[in-house]
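In the two complexes that follow, chain A is the common piece, with chain B as its partner first and chain C second.
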Partner chain A sequence: MLANLTALLSTTLRMATPLILAALGGMFSERSGVINIALEGIMLIGAFTAMAGSYFFSPWIGVLGAVIVGMIIAAAHALVSISFRADQIVSGTAINIFAAGITGFLLRLIFGDAGQSPSVQDVGTWKIPFIKNIPVIGGVFGEQIPFVYIALILVAVSYWILFKTPFGLRIRSVGEHPAAADSVGINVIGMRYIAVIMSGFFAGLAGASLSIGLLDLFVKNMSSGRGFIALAAMIFGRWTPHGAMLAALLFGFADALQMLAQTIGLTFVPRQFLLMAPYILTILALTGVIGRSTPPAADGEPYIKEEV
Partner chain B sequence: MKKLSLFVIVALTLTLVMGFSAAGTAQDLKVGMVTDVGGLGDESFNDSAWRGLQRAQEDFGIEINVIESNTMTDYTPNLSSFAEQGYDMVWGVGFLFTDAMGEVASMYPDVKFGIIDAVVEGPNVVSATFKEHEGSFLVGVVAGMATETNKTGYIGGMETSLIQKFEAGFRAGVKAVNPDAEVFVAYTGAFDDPQAGKELAFTQYDQGADVIYHASGACGIGVIKAAKERGLYAIGVDSPQYHLAPAYVLTSMIKRVDNAVYNEIKKLYDGNFEAGVQVYGLDNNGVGIYRPQAENMVAQEVIDKVDEYKEKIISGEVVVPSSPDEL
Partner chain C sequence: MAAGNNLAVEMKGITKRFPGVIANDKVDFELEKGEIHALLGENGAGKTTLMNCLYGFLNADEGEIFINNKKVEVTDPNVAISHGIGMVHQHFMLVPPFTVTENIVLGKEPTKNNMIDYKTANQNVRDISKQYGLNVEPTAKVQDISVGMQQRVEILKALYRGADILILDEPTAVLTPQEVKELVKIMESLTDEGKSIIFITHKLKEVKSIADRVTVIRSGKLIDTVKTDTVTTNDLANMMVGREVILEVEKKEANPGEVVLEVEDLYAKNERDLMALNGTSFSVRRGEILGIAGVDGNGQTELTEVLSGLRKKEKGTIKFKGREITKPQTKRLFEEGISHIPEDRQKRGLIMEFKLYENLILGRHDRKPYASGINLNNKKIKEEARRLIEDFDIRTPSETVQAKSLSGGNQQKLIIAREFDRKPDLLIAAQPTRGIDVGAIEYIHNSLITQRDNNKAILLISLELDEILSLSDRVAVIYEGKIVDILDIGDATEEKLGLMMAGAESEEEPEGGGQVG
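For the complex of A and B:
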């Protein structure tokens, strides 16, 4: 029983990790007023870059490459949606399609295989000495891939940035009421650029966690819709870091539970319903059935400075 | 300027299309193949079908070509495109082609069509289906004899009747040689999610399984990685998958899509094209089992048992169930 619980929570944590990271990225972007549905595509490109970085150099250079490339792609989204004021959904969709194409193309070009990359070195696991010996908790938190710890730490850091620093206040203000923020001298355009580029950092990291954290290779389309589930986690978590984390953990738990239920032959709930859980919960959150979930007031609206 | 950019677009598109084409020698017979969304490099039935075409090209000097589909909406235009260009035979690889194939085949009655894993009616269509349950039975025999915990696992992709054939055969094979063994059965609900495959495999290994068979596309890469991490065993599917983790992949169930495609092209080449359903099983090398690379991984008695059951299935002495309901 205890072993089952440990395994269940351990799987939950690993399934939730890429979701937490990508959801944090989405949160920064939307808090500043820019919708970023390109998380899915940036994750995929991040996953590829991390694998390639590990193949040619080392795993951690791969991780670094993933966040840098993630930020560059996000900067393109920022340019199109903030400066050119184009439709943010269209720009995001374009990036998602581009990501599937470019990763498939480079996979074939560099590795001569259209389906998957060769195995590369992964980032390994981190062991936490004292925690490791505690029952259950030790099994869950004692030894995991580094991204698990990084994601949890980044939740706390993001909370601090967003709610405890003047910088976070500025991000929130340009997303709620850009005109008012502008009138007190905040650079709306600049803040939005920074927030969107930050989202690329997180989504790139999420991608790296998939390819060289949880696995040790890149597989075509391996993000497999996680960028969109991360957006759902962000919405369900009401655009807060801790909320997004809890939502991602809940989604991860639903996954882990259905895996265990199937394996031990418990079919009291059809697994299709457990697979649907993230989406149903998000719809319920959006429709106000479970609490109220209000997006930042200026989310998705390009800012046009009024001429004096 | 506009003309120039139009030219550039057309040129680029052509380059892309041609880039994925194979150079064929100019001969009478032209055979085209359209992949499903898995595309070439899936290490599964798309690659296998393409090997069949390539072999036919070597042996009969025919001209071959392939178009890769990006989305399911590409199927109809891609099939039509070959038919329009005067190809003699066009293959659609995978059951996802069922509707598109039915539509296009009736529009081009003079062109011969072939589909894998599904049945499409028509005087000009050959449907190649496989007895995956027979091959899965044989790897079930291996798993049933190799397990030390008396617990084995099966991980499927999407729970369609096709993927259930693998489940039914595997479970029957395990039971045949080891009636006390347990088989955990679970589906990932996807074919492209290695993380889900890996976590599901961990879940089954945690419950005591020591051999897991998968029929879950790219999810299986995760299953095999999990086997390696735990030091336990996995069984591959469709193509030999030992190279993903040489010491941890006991064997693989092989689906010879290439043999089926080659065979049907040969019939056309010989002027004996036959429309209708062609079933490929153990008896005509449509499915089979891949001998493990490492000699000592599977004991000789296991290999003998596999051969014994193979004979029994071919002779009809053992009938393998094709759906879990028949177990």
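For the complex of A and C:
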């Protein structure tokens, strides 16, 4: 029983990690006023890049590559939605479709396989001394893939950036009332670019955590909606890092429960229902059934200077 | 006119063009140190454009700007700010979920170890707020404070950045008369401290009572700059409009008949799901204008919308011509004889992309003579449109242009033509003259009076106290969704209404002046 509990919590944490990372990315973007549904696609491309980096060089070079490629694609989203003021949902959707296409294409081109890549070296795990000897807690936190620790640290760092620094105050001001920010000399366009590119960093990292963290290979379309679930976690967490983390953990828990139910052969709830759980939670979060939350006031609105 | 004297700002030959319009045409403007200088003009005359050029929000196409006798290229607000210019916009540039302090220090935050030093920031805000007598609560969120306090925050924002020259864009529009007095005191204490103030307005009375000098702009052109004690309000009106203006609305004594609309204990929620009408009760009789006065955001919008069927009521009764309307639906109210001039003509009043003749039959488009069966009778519709354009003096090349090509005043006349032509028993006029020129205002005021004299009931909801006072036969003051009291026009003074608009009962002493909305 205790072993099951430990396994459940440990899996929860692991499954929540990509969601936490992507949700943090979405949060920075939306706090600045740009909706970024391209998280899904960026994750997928990040996952592929990380795998390829590990295949040709080393796992950590893969992670670095995923992050860089993530930022480049986010920059494209920024260009289209901030400078060209195109519809942000359309831009995001285009990136998602592109991501599915390009990763599938490169998978076949480089690895000659339509379904999945060969096994590559993953990033392994980190062991935390002392903690790993504590019962249960040690089982959960003592030895995990590095992304788990990175995600938890980034939650704290993001909170600090967003709520304690001038930079964070400015990001939030640009997302709430860009004209007000402009009137005190804040570069609205510049801040939004930075925030969207940051979201690419997080989503790329989230992608790497999928392919060479949770697994050791790339599977076609392996992000499988996690980018959107991360957005739900962000909304559910009211656009705060800690809130998004808690929401992501809830989704991760649903995932872990489903996996545990399979391994120990729980049959009283059909497996399909447990598989559905994260998605149902997502819909409930998005429709506001679980508490209403207000997005940043200028979320999704391009900034145009006042005329006449 | 030698340079190097006592000028804080000098703008020479400023021209700013927008596609299709010249907003400023070679305008000169001078601000002396330590003066309060009014910039007077009608809506759309180009006052705000000129100031946006000075503040760097817009870049002038031609002309030169001197600040403290130094030529400056004001390319963006940062340049203006660094030269000591601060602007208080008409629509406040404040971030509602941020605290007062956060709003003030935004963009220039004091830091300690890379973090915002909130302790110092709050202290700085307290210091300057004390220095200039601008009372604010540093840690309160802007969305929770009164409009008067929000304005003080805006002024503090400019002062915090070291502004010596303040531009106030229509600062009195959102204030009660008492708050206006307080603002004037603040402005005077600022000039005592050596600041110079430019004060944009279209209200003549304020120019006389507040400013030292006034510059008048009409249709983008400079008319004149004069000392305010050398001119009368009528002179100013003539300069602003370019012809004789009758400032007083002429009307006979009202002769009210039976009650047409009776509203009792009405409750309704606003967009944010909060109760905006909290038991509103009043009645309107035939042959009278009932004015609803109040500071913006006290339930006026919701009241208009409930009475025109655009918003659901939570509770309460609405009786029209003696019968209760249990489910107010737009179409039904419309057929019963209620007409509605919405507060936002572009959003609710017209379909901007539609032609004039199409706009003129909206709501009646399915009836004879405009429709027969499933077809529109366009010939008849255009004929009627031409008649209305003629009758209501709508200035347009033809009935086939889009509504968006008309000026604000003519758009408003278009709505009035449509609504009056239906010969309603009750007319709800919400902000009927917002943002339009004086000529159109005169026209609309006179037509409201004519409708009243034709025995119609009129409910006038307006944020302009002067408008309420000059048109109404009775005045109801709304505060936090409740009617504070209803006064006969003979008893309604600006002073009394002002106190009631801040929530005080008419007989009682006011409590805490600025706490409204």
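One rule holds for everything that comes next: the second predicted complex is superposed on the first by the 271 of 308 C-alpha atoms of A that agree within 3 Å, B and C clash if a C-alpha of one lies under 4 Å from a C-alpha of the other, contacts with A are read in each partner's own complex, and residues count from 1 in each chain.
Keep in mind that, in the parts below, contacts are C-beta pairs under 8 Å (C-beta built on N, C-alpha and C of every residue); 3 or more make two chains touch, one makes a residue touch a chain.
Remember, it's a predicted structure, so these values are computed and weren't measured experimentally.
Contacts of A:D182 after superposition: chain C is touched, whereas chain B is not reached.
In the superposition on chain A, A:S173 contacts chain C only, with no contact to chain B. Touch counts on chain A: comparing chain C and chain B, the chain ahead is B.
Once chain A of one complex is fitted onto chain A of the other, the partner contacts of A:Q121 are absent, as it touches neither chain B nor chain C.
Legend: residue contacts after superposition of the two complexes on their common chain; A:T93 is shown touching neither chain B nor chain C. Applying the stated contact rule after C-alpha superposition, one finds that A:K164 touches chain C and leaves chain B untouched. In the overlay built on the shared chain, the residue A:L210 is in contact with chain B alone; chain C does not reach it.
In the complex of the two chains, the chain A residues touching chain B come out as 3-4, 7, 11, 14-15, 18, 104, 107-108, 113-116, 119, 210, 214-217, 219-222, 224, 255-256, 259-260, 262-265, 271-272, 275.
The touching residues of chain B, counted against chain A in their complex, run 38-43, 153, 184-187, 189-190, 192-196, 198-200, 202-204, 206-207, 218, 221-222, 225, 244. Residues of chain C that touch chain A in their complex: 18, 21, 23, 44, 49, 52, 57-58, 76-78, 81, 87, 89, 92-98, 102-103, 106-109, 111, 114-116, 157, 161. Of all residues in chain A, only 160, 164-166, 169-170, 172-173, 176-177, 179-186, 297, 305-308 touch chain C in the complex they form.
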